[in-house]
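In what follows, subunit A forms one complex with subunit B and a second complex with subunit C.
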Partner chain A sequence: MVEEKDKVKGGVITGLQAFRDEVITKYPKKVAKKRAKSIVLSDPEQIPEIQANVRTIPGIITQRGCTYAGCKGVVLGPTRDIVNITHGPIGCGFYSWLTRRNQTKPVSGEEANFIPYCFSTDMQDSNIVFGGEEKLKQAIREAYELFHPKAIAIFSTCPVGLIGDDVHRVARHMMEEIGGGINIFGFSCEGYRGVSQSAGHHIANNGLFKNLIGRDDEVRGSLKYRVNLLGEYNIGGDAFELERLFEKCGINLVATFSGNSTIESFENAHTADLNMVMCHRSINYVAEMMETAFGIPWIKVQPIGARSTAKMLRKIARYFGEQELIDKVEEVVAGEMAEVDAVKATIYPKTQGKLSMLFVGGSRAHHYQDLFEELGMTTIAAGYEFGHRDDYEGRRVIPSIQIDADSRNIEEITVGRDATRYNPRKTEEELKVLEEDLEFAEYKGIMNQMEKGTLVIDDLSHYEMEKLIERYHPDVFCAGIKEKFCVQKMGVPLKQLHNYDVGGPYAGFKGAINFYKDIEMMVGATIWKEIKAPWESEAYIEAQYAY
Partner chain B sequence: MLLRHTTAKEIERKALTVNPAKTCQPVGAMYAALGLHGCLPHSHGSQGCCSYHRSALTRHFKEPVMAATSSFSEGSSVFGGSSNLVSAIETIFTVYDPDVIAVHTTCLSETIGDDLTQIVSKANEDGKIPEGKKVIYCNTPSYVGTHITGYSNQLASFIKFFSTATPKKRNVVNLIAGWMEPSDMREIKRIASVMEARVILFPDMSGVLDAPLTGKFEMYPAGGTTQSEMTATGDSKFTIGLGAYSTEDACVKLENKCRVKFEVVEIPIGLKATDRFIVSLSRHANVPVPDSLTEERGRLIDLIADNSKYFWGKRVALFGDPDTLIPLTEYLVTLDMKPVYIVTGTSGKHFDEEMARILKDIPEARFKSGERADMFQLHQWIKQESVDLLIGNSYGKYMARDEQIPFIRLGFPVVDRPGHNFFPYTGYAGATNLAIRILEKFLDHQDRTCNEEKVEFQM
Partner chain C sequence: MNASSCNACKQCMPLGACIAFKGIEGVLPMLHGSQGCATYIRRYLISHFREPIDIASSNFSEETTIFGGNKNFNTGIDNIISQYHPSVIAIASTCLSETIGEDVQYLINEYKSIHAGMAGLPEMIFASTPSYQGTHYEGFHEAVYAVVKALANERGKVGKHLNLFSNLISPEDIRHLKEIVSDFKLDAMLFPDYSDTLDGTSWDVYHRISQGGTPIEAVRKSALASLSIELGYILTAQSAGDYLQERFDVVCRKTGLPVGIMESDKFFDLLSAVSNRPVPEKYVKQRGRLVDLYIDGHKYVSGKRAVIYGEEDLVVALTAFAAEIGMKPVLCATGGESGKLEKTLRDVLGDLYSGEITVGQGMSFERMEKEMNNLQPDLMIGNSKGYYIARKMDIPIVRVGFPVHDRIGAQHMKMLGYEGTGMLFEQIVNALLEHKQRKSPVGYQYM
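Up next, the complex of A and B:
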């Protein structure tokens, strides 16, 4: 239970500094020293340095997953018309099969959709001993014979790197053998490569740029207001809601990386005039490379929360600068906000003043604070599972981040201006004028938004989570499936921000309404008040004695 | 169509698995380790393995699944994961204080050849294992066998590290649970208790993966076979293994180590497998079968007899694990249904032989086990000639929807319906549950899809 002294005072909870000092005393000395650097008190005025994107301490019970999960599961998983073959023992392909709720909607019954399928080479011990390249080649042949896909991607699991199978060579070989314009490419995304999923995102970004983006120059559809949305994975239909809004405003969405996406949209993405980055952590590399190669500027957007969604739409209108679009956006925002406000008014009194904590991903722990703010709730602790320092402190710190051995493993591809297709979308002067409102190529990080004195923890351990809940008993805790039932056993509802507890969409205006209603349900559910049986109460026991 | 690329036309596949009917060893080892009281499973490999396994088990049980990882980096993959494991052991005992850490390997640590015996003894020499605490381990390379193999290997390690024979045998029968639900373990313990048989059940996930919500998180819930029970298995007079694939190895190891004779029977799913289990327990625990169980059996017979016409001749497709599929297929045959297509990703002669025996009077039946015995194969058979019922884990729902086939969720993982954690499929009670489930599916299907003039008020 929350003690009076720990309750929110003037918007900020007290005692968090003491909590931090106390929690690390449990660890072995070396571990405590390391963890201390990943737990800081936020101060938007003077953003402190946090240790992030470093190795997890073995045995500490982390939320993190692996490089393969970030590459195959997160970034490439949501595209429906690529046959994604996992090269490895059966497990990795099995666990990344339909587990991320990437919804997709083929435009016709005939269009390719491989999302409900799992493809694997199912490596056996003989493949480990004698090499797995021949089996991989044969698997590709069979996949082609059965499905005739436009593209096949190969994802390496741990043993592949160790035994020296060259998936890139196999890809080239098979592309030649099959011919007919099929695109086959590999990813060296072995699980051990990075300190978390984040390395896999980076590897996936490189692969997208090398193998897909820019292969098709044909400009399709309207020439006006052409944008890409990056780092949106259509969990629970988020992409559908954003697509709805763009369409309503007359904004042309060329490609989404990678929610509800197709290969064609990736190949064509360089024909857009603005890149919008939603999940900065997982996709900022693509935005950077496209700017360098094709001259497309990028901005950070945050279409989670009604106000932030409106802000995103206004930024797009400002960027293109045409009155027609500016008016349309204002009209759409006014109409949508009226609906949002009507729902919010009924829910706000029930959620106002309640406490939330968010420990998830590489952007959601930040974005979802907007939704909680709209409900009048305070986020007193938050952190990422696989964020880097720039996701906490802002991109200004990037030059000062030390490249360690784990980051050096990841291929850095050098991208230059495309000889024929580089085309700056705005002049230097135009960019300068727009800079104040749009803040190109900028992300200020989670700590810019969190109130002074709130707690920021990177790569939260199970122990730290348990202590946070025991001490502060938040009204809603946000994390993932592994944490869900631990937290709920403690009588605190947990909102999953990876799979939304099979809810959503939560993006955009309709998404905000969905989220408000789900949080109303979570903080209001009757069952949390019924945990103790009548005979477990003091009064009952006394009554028994009296009898 | 969800599985729009699946057609009836088969090609000979030599390398590509599509929609597997199996997963890898370590998740089985993790599941089995949770059946030991006060035990924290530990995955020696990349942290993604641990994350995936915990997620898979959590989605299935809707319960906390605690486990730690060695968090391999590229460096550990080159130089070996010894220091990762030693430091993990120290951190785990300091922070999470389990009684036992059960380490299992992964394809990564197996490929680089980490020697667990040597690493754990180093941790011990370095004083990282506190007095009275234990670190046990087993090898579970993901490129050999399946999740069932991993489960079996974990049980074998329980025998290796705990079972001890003293000079005095006790009048106790060991029951080794094959891969089943905690609800099934409860049911098996109930049967033993009704029979007044003295048993030690291991592993025992009841009370661990179906724990109550109390307002307090218990990292080591009340359930699980205790270490002292596990040690005492060496003094038991007999062992009954439930499911050859998941328990036979442990039975053999226990006999070799402690001279405890054993018999392997099927997991008691369905009428006949339950009969055999009860006969075996009655004989080896030397207890009579009480009338109450005979009555339970009689009620099941009554239910089946009353509804024979709905079962007769219905074609069924199944996928899952061999220890479940063997008794399940036999039960369907007992119900006069026709199990026509059966696949399991777990290979072995025993499955093929048992299937051939059980299905000898159903010439159209096809079954396949091992590599590429996957759900894609099963779906292709269904495309060639459809079935009336599909039984398998939640991945079956895509086939069931596309083909409009009634579908019963049974196996691992079941992530989209509750119930498996409450209602057993073992024992006569479980066979009753299953028969009723099947009837409800058929009758609901008929009510929903038949012509209006054919809607029956009484069925």
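Up next, the complex of A and C:
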């Protein structure tokens, strides 16, 4: 929560109820009824129900992307040594080619790095009519000849499902044909399958579990403090900063899903002793499956913001419980916080008391509130592009979420205990002792953090965005490139939290410093005053005829 | 021919269609298909033009793919009308709707007949743009053609006005072309005019639909024009100019994108003949300055081996220009596959066409890179996607065309006419000088 002294004055928050009602009444009746359920006022004491993860209404311009984007672009895209082939016409592959700014750093020059490449089967008319499986096979052969990768993944776009190409069959066939232990697997992530990219995340999670996780039992590196970080995609170098911190603390990061990752790290991930979930929406399925199969407990972390990063490190230390690690973490936190606080002291007076709004992602709209709180800024409205109810209200609501046709489209895989490798990392008693501090397998959602009376909107429409800005003129609005120029036309700076506007990293301690500086620059910009030329201002008096 | 494409040098048809649609006044484009298409295309166009670009979608679900898009189409149109009040809704199809065989024109007709007499019922225009049939360049021209075909009608008298189909160029170049034709005192309808919609000013109040664009009344009158001028030799199988000529006897004159002296001369000659006026003094001077600039800069570009890539007509224009300033175009590449690139290059370049030119159609960047390893180029001229090759080979790149998303100012890139050519020439010379300075062991501060 924002500190008492920084809270916005003048009844801004109390006015949000009236604003909400006003916006809803402007919609046609049917749309209004639907939108009313997705626009609620937060109350951490008594979290209200919100409608989320339902289809966007045709003709309402949305921030959301498609299933393919979530699967290929988000979850699998950042792994550097899998050749990702988009099976479809050229557009989808092209638009997901390096546009997320997920970075990677091969250890040596010889190590494979396919991130700069965009492979597509570039389907043509004849493939749509006669089927594209042969072309896909040929594309796999070509990719193999070119790069000799250890793994190839195939991503289906809309027409693939319609013409009946079976990418899974092709994958099996090509795995046999090429041989030599190559791993080839497909994803049925046609764009129309889900409500948003979130469906693609789920499909990708299933694929990761079925095809990669747990294939390599060799324990590499230190036996101590082995963790995985889930739902971190290394936008703008976030993973590099977090890797730096783990290394400094002596924490052994086995795998990141999937920022700066490799096939080997995925295959080896089950040798870790703790899973940390960063972006709950896009990866919680993997955390659950790994707990069931291998007995690895998971906790939610949000290393965005200096205080939250410190909290994450302390949670890890608490989990392993060794004094050596606890002391090291405290030492690292103290050193890092000294730097952070020095920078914050110069910036805070300029940002304190200002307003922010965040409409992005499935977790960023939540995580970045920590950074704004550190700057003394209040988030008066926030929401996700592709979140589900649990991301808003907390995981306690999962059993009561209605399964609709769109969710049924996604293959459910049944995971049981691994016969040989299931190994509970902690006893029931140990977990019980730790539960209070670590809250295993729990995410309390965005509304648990947002101040009472602030506005929470799922799948924000263009119209609602326009009204929010017109009325509240926030000091900074956070969303993505699609919204950026609309918002800036209205005289409000927009911070892109999908790709960071060529900025970052924003995770960890160094990231917090970067973010403070970027927000200082944005809220302090004076260009907005120039929108009106002097001769357009009211004070400018034109010559008049005297009658 | 490879089965796969690695690092394609083209985008999809609906993307091109959306650019052309944004040149209609009061338009809201809609893609009939999955919402991802609208989202991807918006994010891609926005990162180039840096303007709000709203594109609606009929948001297909799995159910829609089975039962057809009729319901989604109608809901989409209903909501667009109630929120945006557009004067035109321009609809492009996607792979998805084309694969299931949606008849969008039928859906439009049905919607219109149900809502006949409704106040504020917008025009609805459909362009068929399945990505598996061409590139964004074909999509752009298909949309231009579809708009003209839907709107042009011969009610009224044949006028003195002319049609200028300006091709896929930057907003700044659109403004420049409009200035040129107006200086010839010609009354021209330029289409598609996205010079304001995709390169607007800062706003006092928010506009749900960006202001600007070619008025639909002007497009209607295109059938009554005295002449059409169409920029670009390659275009698509049937262009808007061809259509007006065949259907309404509006003579269509085609010339290239006016880049360089040779191609600009053709364009200004044509305008002079059409308007029956001498070339205005302003342009005589611009031409003079350009010649002067060539003289100043020729020694820095002479013999430099250039790789030129992008949309086919852009490649033709840039190659003609590169050849006339004494550069050696060694690779002319496009992702398009019209089959006309090499012949057009030979025709336009004439004596300047050298046996050293490798012409590649259906090219990807990966194949370009392979070629370039043997060609030892000094410079790349084309869109941002080639940057990684320039970086690997440590050669400069001059960014023109689409997309340019690693620099600001793509919307202001001017390269048409004598003045625009001058600016492009300066960019090229300075890129080469910058590179030379950076590579020099001693560095130099004066030349």
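A few remarks follow.
Following the convention adopted for this analysis, the second predicted complex is superposed on the first by the 529 of 547 C-alpha atoms of A that agree within 3 Å, B and C clash if a C-alpha of one lies under 4 Å from a C-alpha of the other, contacts with A are read in each partner's own complex, and residues count from 1 in each chain.
Throughout what follows, a residue touches a chain if its C-beta (ideal position, glycine included) is under 8 Å from a C-beta of that chain, and two chains touch if they have at least 3 such contacts.
Just so it is clear, the model here is predicted, and its values are computed rather than measured.
The superposed arrangement places subunit B and subunit C in clashing positions on subunit A. Shared-chain residue A:E145: touches subunit B; no touch with subunit C.
By the touch criterion defined above, A:P399 reaches neither subunit B nor subunit C. In the superposition on chain A, contact of A:G180 is made with neither subunit B nor subunit C. Once the two complexes are laid over each other on the shared chain, residue contacts for A:G416 go to neither subunit B nor subunit C.
By the touch criterion defined above, A:N113 lies against subunit B but remains apart from subunit C after alignment on the C-alpha atoms of chain A. In the superposition on chain A, A:Y95 makes contact with both subunit B and subunit C.
Note: residues 28, 31, 55-69, 85, 88-97, 99, 116-125, 127-128, 135, 138-139, 141-143, 146, 157-159, 161-163, 191-193, 405-406, 409, 462-463, 466, 480-482, 484-486, 489-491, 531-532 of subunit A belong to the subunit B contact set and to the subunit C contact set alike, using the contact criterion stated above. Taken together, the subunit A residues at the contact with subunit C in this complex read 28, 31, 55-69, 85, 88-97, 99, 116-125, 127-128, 135, 138-139, 141-143, 146, 157-159, 161-163, 191-193, 405-406, 409, 462-463, 466, 469-470, 480-482, 484-486, 489-491, 531-532, 536.
Of all residues in subunit C, those touching subunit A in their complex are 2-8, 10-15, 30, 33-44, 46-47, 50-65, 72-73, 75-80, 82-83, 94-96, 99-100, 130-133, 135, 200, 202-204, 206-208, 366, 388.
By the touch rule above, subunit A contacts subunit B in their complex via residues 26-28, 31, 55-69, 85, 88-99, 109, 112-114, 116-125, 127-128, 135-139, 141-143, 145-147, 157-159, 161-163, 191-193, 195-197, 405-406, 409, 461-463, 466, 480-482, 484-491, 531-532. Of all the residues in subunit B, the ones that touch subunit A in their complex are 1-5, 11, 13-20, 22-27, 42, 45-49, 51-56, 58-59, 62-77, 84-85, 87-92, 94-96, 106-108, 111-112, 141-144, 146, 211, 213-218, 345, 371-372, 376, 395, 398.
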